[in-house]
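After this come two complexes, each holding subunit A, first together with subunit B and then together with subunit C.
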Partner chain A sequence: MSLAELICPAGTPAALRTAVDAGADAVYCGFQDATNARNFPGLNFTPDELTETAAYAHARGTKVLLALNTYPPAGKVDLWRQAADLGVRIGVDAFIVADMGVADYIARIHPGTRLHLSVQAAASSPEAIRYYCESFGVKRVVLPRILTIPEIRQIRTEIPCEIETFIFGNHGLMVEGRCSLTNYLTGQSTNMDGVCSPASDVEYTRDADGSMSSQLAGFTIDRFGPEEKAGYPTICKGRYTAPHRREGYYAFEEPVSLNLSRLLPDLIDAGVHAFKIEGRQRSKSYVRGVVTAFRRAVDDIRAGRQADIADLVALTEGQKQTQGAFETKKWR
Partner chain B sequence: MAVSDMTTKLTLGPIAYHWPAEERRDFYARIADEAPVDEVYLGEVICSKRAPFHEPDLPAMIERLERAGKTVILSSLAEVMLKRERKATEDLAAMDHPEIEINNAAGLYARGKRPHRIGPFMNAYNEATIAWLAGQGATHVSLPTELPAEAIAVAAQAARGLGLGVEVQVFGRASLAVSARCYHARAHGRTKDNCQFVCEDDPDGMPLRTRDDAPILRVNGIQTQSESYVDLLPETGRLVADGVTHLRLMPQAVDMVAVAEIFRGTLDRALETSEAEARLRAVCTGTRFSNGFYHGQAGYRRIAGATSV
Partner chain C sequence: MKMSAGIASGPPLAGRGAVSRLACALVQPLLSRVVRRIAARHPSLFARLGPHQATDFLIDPVELPFALHLRPDPQALVFRAVPRDAAPRAGAVIRGRFMLLLELVDSEEDGDAAFFSRDLEVSGDTEAVVRLRNALDDVDGSIAEETARMFGAPGRAILARLRRSYVAT
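The block that comes next holds the complex of A and B.
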């Protein structure tokens, strides 16, 4: 049986401490700049904050993973290198990387440093994963959310590194690290700036008939009737029309969140080493609730008990949930 | 320095759409005979289910294009997940001729240090990544479509210093995203496995419009594209001056021979930019042009007044 480590989001120092106290095996976080894929206002760590909270985590046996998982545009590579140097000085336990230039730098300049391959690298086959393992000594791959459990089980037998999968939280639809939708509408890039459907470009407008439009950079991403709850205008979760679909439809995906709590035993059995909870942008109380519930569920499964997942279901009550591609390839 | 010379190569990227085999044969026959492009990329990049429809024609197409003096390059799949995709990537990576362009790390793994080109899906955003790839046998790099001018200049200089060719897309819809899910099938209430190749109905992509009826995106199977055509015709002078060696035209459902002639004429200074732009508009009636990515702004935007160096 795999260790089934619980990898938890830490968008702020307070969230980091909360996740550690709630039983996280590791927390992942980033600096306050474009070097990580959650470069949102009010989130992330100054070097001092990371130094301080990494000590807090380490004192309690929790690992700290630093996300350097964006793609530096040419001419700005130094920002990523400095972040890597800083992370080494602070003593983070691993870097989560996507860009080959960044991975190569850390492997050469800081040999022995543990590298995890970010989901942003979109390595979805044994060959792609082996490329990163053999080139940069990657020790763990975060798999794209597009594979079924039988496919994950098969990949496990063909790669020399550990597997981490997302189990809970926001459910991205596009292959991570290959999406420029936000840059196309807003001028801020997911890959280069760590930005996705940024709040600064969001507007809600009330139409004459009482319906609500949610807009991103002036583009209507969805419209909601007077009795509908208006959702956040994430481009890949909007409703659009097409020649065969005159009524607005979810062209990519409905605004659902991923919840694999029911599949945990199968994922452990398939050889997944670590479970990642999405949500660095989430509140402290959300982090506490989710981490606590998953801690209990994973401990139950590892002890051979029936896991109680009622709390996890309750956490997303009122929201649509999906098991995404993990359950069936019909999702595709 | 002259804006252009015979050394800047014009390339034709791989067809992103599911054009019927017969149309592809006619298309490439005409490209071979009439289009002033130097290099042509062939092969299925988007969906492995489509490949069997046109792969049998590849040897004849390669022969025909090479006989016409074009360099032919075979492009690999952008997404590699299923057994057939892994096999296709491995087979391509084993080829000695023609050249190959790799769009997924699985292809890099299979190719090892034998020479290859790096495709636009490989995320070669910067000089460090380009240097790494060059050390692994890359001879040529296509930069990501969203890279702005300043970064293109730095990347191009680094790549050329390493002896690599540098390519930038200057015409056609930008690839904005790929997914494991087929959005063409989804629009018709199907899944990827029973899609019945409905993407064939949309030779220039399926238009998505916002609910207040503004055009926004195009769906091409698992790929999402820009609604606008990228048009960097006014910027070709600066691209060349900044060290870009290859300019890529993406095949759209318009007269691509005319598009190639307009770009070649501009590079050769046989056409004024304003005249060339007017002609390009006439060839692409009804489609908006954009150059926002190049200018570091929202990709859909058209930045006016951008002029050649």
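The block that comes next holds the complex of A and C.
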């Protein structure tokens, strides 16, 4: 049986402590800059904050993973290299990387440092995963959310590293690490600036009938009726009209969250080593609720008991949840 | 986590006229004291606000007879009750039921979830709102409890009663 480590989000020092106290095996976090894919205003860690909270986590046996999971623009690698050097000095337990140049730098300059391959690298075949393992010594791959459990089970037999899968949270899987939709509208890149739908470009307006419109860079991307649940203001989850679809429809994806709580035993059986909870941009309340629920579930499964999964639908986007491709390729 | 049909179906807005002005006058001394105390105890909160320390936020608890004007500038803090018909032009507006707003401040509820359920509305400068949310979320402990303790046993009793009435609705 795999260890089924619980990898939990931490957007602030207080959230990190909350995750640790709720039973995280590891927390993942980032600096306050473009080196990570949650480069949101007011979020993330200063070097001093990470030093202090990493000590808090380590004192309680929790690992700290530093996300350097964006892509440096060509020739502008210093920020990522400095972040890697800083992370090593702070003593983080692993780096989550997507870019080959960043992986190469850490492998060469800080040999022996543990590397995890971010979902942003979109490595979904044994060949691709093996390349990262052989070239940079990657020890774990975070799989894109496009594979079924039988496919994961098969990949596990063909790669020399651990597997981590998302189990809960935002389900934005638009060709992970390659999505340019935000960049198209705002000029900021999800992949290189670390921000999908930057808040500075988002605007919500309430209409007279109680409806709410969400706009990104001046473009209306959805309009929710007075009683309708809402989602994030991301283009991939926008609702659009088209010549053949006069009524608004979700052209790419829907506002829905991943929840694999019922598939945990199958994922463990397939050899998944670690479970990731998405949500560094979410509150301590979310971290406390989700980590506590999955901690209990994983412990129950490890002990051979039926897992008791708390109802987490109120925390999901659009208050809808899916098992996505993990259940079937026909999910969308 | 509570689920509801959102504030669109909530009570009609109050907060205009003489009653509102009287209510504002009554709570203002408390608000000034509360915000000075919170700022003194949690100075790191301001760093996460960045340039939005100078932003005027209008926090609108829909069932109270007034709204709250916040400008989180550490050099010149503003936190005051204002009648809705005399509210300043705000850079960002945050609207919801009072206890929800209080629970968001304390991270007892999740802001994104409240937004998804339509219990929370934001308008204006979204970045300002996100920064304020993240700044408050990084505060350890309960700002509501801290505030209640400032007023001793009566403060704690009022907070407990508010929480009970919110659960009951």
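Descriptive notes on the structure:
The criterion applied here is as follows: the second predicted complex is superposed on the first by the 311 of 332 C-alpha atoms of A that agree within 3 Å, B and C clash if a C-alpha of one lies under 4 Å from a C-alpha of the other, contacts with A are read in each partner's own complex, and residues count from 1 in each chain.
Everything that follows uses one rule, which is that a contact is a pair of C-beta atoms (placed from the backbone, for glycine too) under 8 Å apart; a residue touches a chain by one contact, two chains touch by 3 or more.
Just so it is clear, the structure is predicted and the values come from calculations on it, not from any experiment.
After superposition on the shared chain, subunit A has more residues touched by B, the comparison being subunit B against subunit C. Of the two partner chains placed by the overlay, only subunit C lies in contact with A:Arg17; subunit B stays clear of it. In the superposition on chain A, no contact is made by A:Ala54 with either subunit B or subunit C.
After overlaying the two complexes on the shared chain, residue contacts for A:Tyr71 are found with subunit B alone; subunit C is out of touch. Of the two partner chains placed around the shared chain by superposition, subunit C is the only one that A:Glu228 touches, whereas subunit B remains out of contact. Applying the stated contact rule after C-alpha superposition, one finds that A:Gly42 touches subunit C and leaves subunit B untouched. In the superposition on chain A, A:Phe219 makes contact with subunit B only, while subunit C stays out of contact range. Touch criterion met: A:Ser285 reaches subunit C, while subunit B stays clear of it.
Of the two partner chains, subunit B is the only one that A:Val175 touches; subunit C does not reach it.
In the three-chain superposition model, subunit A touches subunit B and subunit C at no common residue. Against subunit B, in their complex, subunit A makes its touches with residues 71-77, 98-102, 104-105, 121, 123-128, 130-132, 134-135, 144, 146-147, 151, 173-175, 177-181, 183-187, 189, 191-192, 213, 217, 219-223, 236, 238-245, 248-249, 251-253, 325, 329-332. Interface residues of subunit A, counted against subunit C in their complex, comprise 11-15, 17, 40-43, 198-200, 202-206, 210, 212, 224, 226-232, 255, 281-286, 288-289, 314-319. Per the touch definition, subunit C reaches subunit A in the complex via residues 1-3, 5-6, 8-9, 48-50, 104, 107-113, 115-118, 121-127, 129-135, 137-140.
Residue ranges on subunit B touching subunit A, taken from their complex, read 78-81, 85-86, 89-90, 104-106, 108-110, 121, 123, 125-133, 136, 144-148, 150-155, 158, 174-183, 186-188, 191-193, 206-214, 216-217, 219, 224, 226, 292-293, 296-301.
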